[in-house]
Structures are given as structure tokens and as C-alpha cells.
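Below are structures written as C-alpha cells.
Shared chain: chain A. Partners: chain B in the first complex, chain C in the second.
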Partner chain A sequence: MAEGGGGGGAMNPLHHFEIHPIIEIPPIAGVDFSITQPVLWMMIATAVVFGTLTFVAATLKRSPKGLQNFIEMTINFLRKDLVHAVIGEEGKGWFPFIATLFLFIAACNLLGLIPGSFTATSNINVTSALAIMVFVFVQFAGIRKKGLLGYMTGLVPSGVPKPILIIMIPIEIVSLLVKPFSLAVRLFANMLAGHMVIYVFLGMIILFKSIILTPLPFIGVVIMYAFEIFVALIQAYIFAVLTASYLSDALQEGH
Partner chain B sequence: MFEAEPGLIIWTWLCFGVLFALLSKFAYKPIVAFLEKRAESVREELEVSETKRKEAEDLLEQYKAQLDEGRVEVQKMIEEGRSVGEKLKREIVDKAADESKGLVKKAQEEIDREKKKALMELQEQVAELSVQVASKMIQDTLEPKDHEKLIEDALAQVKENYAKN
Partner chain C sequence: MGLLGAAIGIGLAALGTGIGIGILVGKTVESMARQPEMSGELRTTMFIGVAFVEALALYALVISLLLIFVKG
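After this line comes the complex of A and B, so read on.
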């Protein structure tokens, strides 16, 4: 990691993404379970999402107002425009999983925009964990629907000549594995890059040491911040919609 | 940042798992059930209001038809009343005319009758007077002067009798 300018660690935009334990927990079976910033902020995100939705669920009114309106709109959007639109009627059972993915990622992304907080989704381990989980669930859904053999044969297009299968099977396996990889990298890279640009702009203010030039990076920060709010939601949506799409592929008959 | 952190991966699954379990139990179920129930009740209300609207439209049509029918009937009644009135008027006028004609005719007949009666009475008186004059002439030789007087008396007598009648 190259240190930016002469400002030491604080001037390096990547410095903000390094994780440190907040509460140290002795390793269990060689795995470090210490509470680091991403863990803390994932817990906060979980609490915020759970608190908000449970509060709304407990105080439902026939004519909604304010928060209930917003939550209803979100839930309806996830149910109809995302899960039902992509998977169809079969997707009904998958709604809680996809909705939780969207809400969890959106909350982590948005909470990461609070100054002094940490974006959990800007860590590859977090996004990988989510992508691996999606991968496992997608395979599970496919196998449950078609049986192990049916699912395996469904991975390659039917009616393909046998010699071509030699090429097709590795390609299909790669494409299967690339999906969770792309999910993890896309979310991680977007969250990291966006925040890094903000930090770079902020670093410029200190680096320039000029009151005349300060407004330029400042405007950059404001614009990027607004853009990041949009990116935070869009990335959560992309993650959820791709999960729905992979599930739809796995549940669909034939290739 | 790029190092593999199994602990963090497990924490992520744990957080997600807890959130998934909690939301599934305490949030999605009641919210989705509530939304579906409300959607159903809104659909029902819409259907009911649609039926009510149709009923109201039918009723309006019925009322309009009745109103039109009533209007036609009233028009008919007015026409009938007018024709009856006209007929009655004509009858009354004709009757009055007939009656007046009858009265005039009756009066005329009365006049004629009275006239005839008067003439007959006059003839009788003239004849009587003539008889009286003749008998007087026979009784007296009459001087021309007497003759004249006699005639005058007779005429006066006639006049008097005529005036009396």
C-alpha cells in the first residue's frame, strides 16, 4: 500500500478500510472471533433493520403514514417487483431470504456513510460470506427441485453433441463458480471504490493546504456522498436481484 | 483488507442468520399477512362499490324512464283535458244558441198570437158597432150632422176599446 503524500497513515485512503479488533476474543479452533469494525457495524445494521421492521410490524395501521408507508413500499417492491418478477410464483418461499439480503446489505452500505463508521461491505470477507451463502442456497434450491442428477444434467444445455460436452462442462462449472465470485467482488469493489474516492477528495483538502483550492475537493466530496447513497441502494438491489435471477435459473426446467 | 478472515466470514453468516430468523418470525409474516389482507379488503370494497355503482346507474335509468313516461302521460292528460274543455265549450255555446233561438221564436209566436187575438177582437167590435149604427139609423132619420157625430162616436168607442186591450 502506497502512503498518500506526506500525511502518514491518515492520508492513505486504504488506511480507513483496515480492520482492527475492538473487543478481542481468544481464537476458537484457530479462528479469530474478535469483534472488529465490520462485525460491530454488521451487528448495528442487524439491530437497526430488525428494530425498524419489528416496530412497524407491531404498529401496523390500515391507513399507513411515514415509516410504515416506507417499509410497506420497500416490502411490496421486494415481493412483487423483485422476487415475483424474477422468480415467479415459486419465488414466494424465497422472499424472506432475498429481502433480508437486500435489507442487510443496504443497511450495511448506508450505515457506512455515517462519518466515523465502517462499511462492512467494503471488506471482501463479508461480501464473500454473503456470496458463498447465496451460492450454497442456489445449489440447494436446484437440487431440492430437480434432484442431484437432474440438477447436474440441467447445468449443460440438452441436445449438445457429446464431443462438445468436453468443453461445455468445464465452461458451465466455471460460469457457476464465477457467479458468486462476481457477486462478492462487485459489491466489495463498489463500496470500497466509492468510499475511497471520498477519502481521496478529503485527503486533497489537507494535501493542498490552500484555502482557495479547498472548495474544489469539498464539492467533489459532496457530489460523491450523494452518489454513494445511490450506489449503496443500487448495489444492495443488484445483489438481491442477481440472487433472485440465479435462483430462478436453478429452479427453472431445462437449461 | 484482502486477507481471508474466517472469523469475519462466520460473523457475517451469524449476523445474517440472526437477522433472517428474526425478520422471518417477527416482521415479514405479520407485514405480508397485513398487506395481503388489506389488498383483499380493498379489492372487496372496490367490487362492492362497483356493484353499488351499477345498481345506482340502473336505478337512475329506471327513474329517468319513469319520468319520461310520466311526462308523456301528463302531456296526454293535458291534451285530453283541453279537448274535453273545447267540446264542453262548444256544447254550452250551441245549447245557449239553441235556447236563445227557441226563446226568440216563442216570443215571436206570442206576439203573433196576441196580434191575431187583437185583430179578431177589433173585428168583433167593429161588427158590433156597425150593428149598433145600423140599428140607430133605422130608428132615427139622421141629419148629416148626426151622421158625422155617430161615426165619430163609433170611432172613439173603437179607439177606447183598442186602448183598453
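After this line comes the complex of A and C, so read on.
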């Protein structure tokens, strides 16, 4: 997004979200691989998730305590209440993908709450990449299971008269293409809006120019921070649940 | 004019979202009162519903941000 910094006046909360390269890498075959802030923080999120899970798996105990207990609870929740409840038995193969989506997005969102860091998922490019990946995988799963023609005829409900079918087909195709778009925009806008509210509240402390009034926006900041932690986890869960739901739609037989 | 459009847009979106989420949570509380043993499932479904409704408001927010911060 080309932000022009137009109507913000003295304070433009969007300038925190601009991307600058940290390590410049000259373009390889026309693609710019330089390490920018979202790239760095996505790598940190991956390292955190991977490191935690590997560390817990290295010393597994029969009666888990502490961190292992927490990780086991999370994995159990992802497996039972997310994949099995939504997709059912066929979903067993898709559990690693959906669990990885949830853990990666949750890590990215939560790491963005550390003051001075950059929320990788608050960039439309990152969330679009995730959404396009989900879209491609879902189509691939549906076409692999039912064949190309079977998948396309499975998009519209069976047993509708012909005239309605002519209207239904564009509607179904549009609704199919809107799903990844809505996934990307939902995650991106939630992260962007949440963090921008925090920045605006902090800006109000400077705007008021008085010591006495400072506690008011400060309380607002604390409340919004708590809400943002909640929203970070909920949005990761929503992304994973919607992915599982689209998968189950593509994999099911008939309508 | 862009600022005015942005303000009206996000205001209307907040109006619709408030009504939508209000109805949704109200129905969930009612169902939980009728059948307390289903509370967990109802709560999960409510969160998914709230995310859908909020996504619509956030589309309006993205358009408003485009109107405010992008010149021309």
C-alpha cells in the first residue's frame, strides 16, 4: 500500500507500519530478497515456534509438567476441537498444515505486541501469501479427491432446475474467489486496526500536553493491549478454523 | 471530501456491526441459558460468527484508511 501520509496531520499512525530494508540484498533474477522488518519478524516467529516445540519434544516425560503440559494441551485442542470437529476422519492428513498455520499466525501476532517490534501479519502481503497458499491447497485437495470435473460440478447444489443454475454458477465462482480475499483482509485489518488504536491512544498523551490528563489515555492503552492479546489468539484460531471449514467443504461428497 | 467519506463510511460500518454482533451474542446467551451443557460449543461458534461480522466492518475500515492516507 502506497501510504502518502496525507490526512494524518502532525501524527500519522500509519508511519509505524512502513517497511524499510534492514539488510539490503541486490535483486537476484529480478526479485528483491532484502531482509525487511516483516521478513525478520517472520523468521523470529518461526524460530520461536520451532524452538519451543523441539525443546519440549527433546525431553518428553510420561507425566507432563509445565511447558510440556501446555504444549500438549494446545496440540490436543488443535487436533480434537479444530481438525477432527470440523473435517472429521479425512482430516488426519491435514492436521500438520492447520496446526502450523495456527501456531505461526499466533506467534506472529503475539510477537508484534512487544514494544518496538513489527507485526508481520499487519502487512497485506504476508496475509495474502498465507491466504493464497490456503486457497491453492484447498483447490488441490478438492480436485485430487473428486477429479477436476467432479469438483466443479460439486460446487453448485445438486438437483436445481436449469434456469437457476445459470445464475448459481457465477455466484458460486465469485464466492469461491472471495474466500481467500476475506481471509487475508480479516487478519490484516484486525492486526493493523488493533495496533493503530494503541498508537493513537499513545499519541493522545502527547496531544493533551498536560500531566494531569495523562492517566486517561494510558488506561485506554492498557485496556487495548489486553484486548489485543485476546484478538491475536482469536484471529489465529479463526484463520485455522476457516481453513479447516473450506477444506471440509471441498472434501465432502455431494451437497 | 475524502475525510468526510472516510468518517461516514466507518460510522455506518460500526453501526451495522454493532447490531450484528449484538444480535449474535444475545442469541448465544439465550441458548446458553436454555442448555448450559452446550456452553463450550456455543461459545466457539459465537466467536467464529463474531469474526465474520467484524470482517465486514474491517473491509470498510480498510477503504476509509485508503481514503485518508493515500493521495489522489
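As a convention for this text, the second predicted complex is superposed on the first by the 244 of 255 C-alpha atoms of A that agree within 3 Å, B and C clash if a C-alpha of one lies under 4 Å from a C-alpha of the other, contacts with A are read in each partner's own complex, and residues count from 1 in each chain.
In the analysis below, contacts are C-beta pairs under 8 Å (C-beta built on N, C-alpha and C of every residue); 3 or more make two chains touch, one makes a residue touch a chain.
Just so we're clear, the structure is a prediction, and the values are computed from it rather than from any experiment.
Visitor: Taking the superposition as given, does A:186 touch the first partner, chain B, the second, chain C, both, or neither?
Guide: second
Visitor: Hey, is it chain B or chain C that touches more of chain A?
Guide: So, of the two partners, B touches more residues of chain A.
Visitor: With both complexes overlaid on chain A, does A:14 touch chain B (first), chain C (second), both or neither?
Guide: both
Visitor: Just to be sure I read the superposition right, which of the two partners does A:129 touch: chain B = first, chain C = second, or both, or neither?
Guide: In the superposition, A:129 touches chain B alone.
Visitor: Do any residues of chain A touch both chain B and chain C, and if so, which are they?
Guide: On chain A, the residues that contact chain B in one structure and chain C in the other are 14, 192.
Visitor: For the complex, give me every residue of chain A touching chain C.
Guide: For this pair, the touching residues of chain A are 1-8, 12, 14, 81, 182, 185-186, 188-190, 192-193, 234-235, 237-238, 241-242.
Visitor: Within their complex, state which residues of chain A touch chain B.
Guide: Checking each residue of chain A against chain B gives 14, 17-19, 27, 31-34, 36, 38-39, 42-43, 45-46, 49-50, 53-54, 56-58, 60, 62, 71-72, 75-76, 79, 95-97, 99-101, 103-104, 120, 123-126, 128-130, 132-133, 192.
Visitor: In the complex formed with chain A, which residues of chain B make contact?
Guide: 1-2, 4-13, 15-16, 18-20, 22-24, 26-28, 30-32, 34-35, 38
Visitor: Spell out the part of chain C that touches chain A in their complex, as residue ranges.
Guide: So the residues of chain C in touch with chain A come to 2-3, 44, 47-48, 51, 54-55, 58-59, 61-62, 65-66, 68-72.
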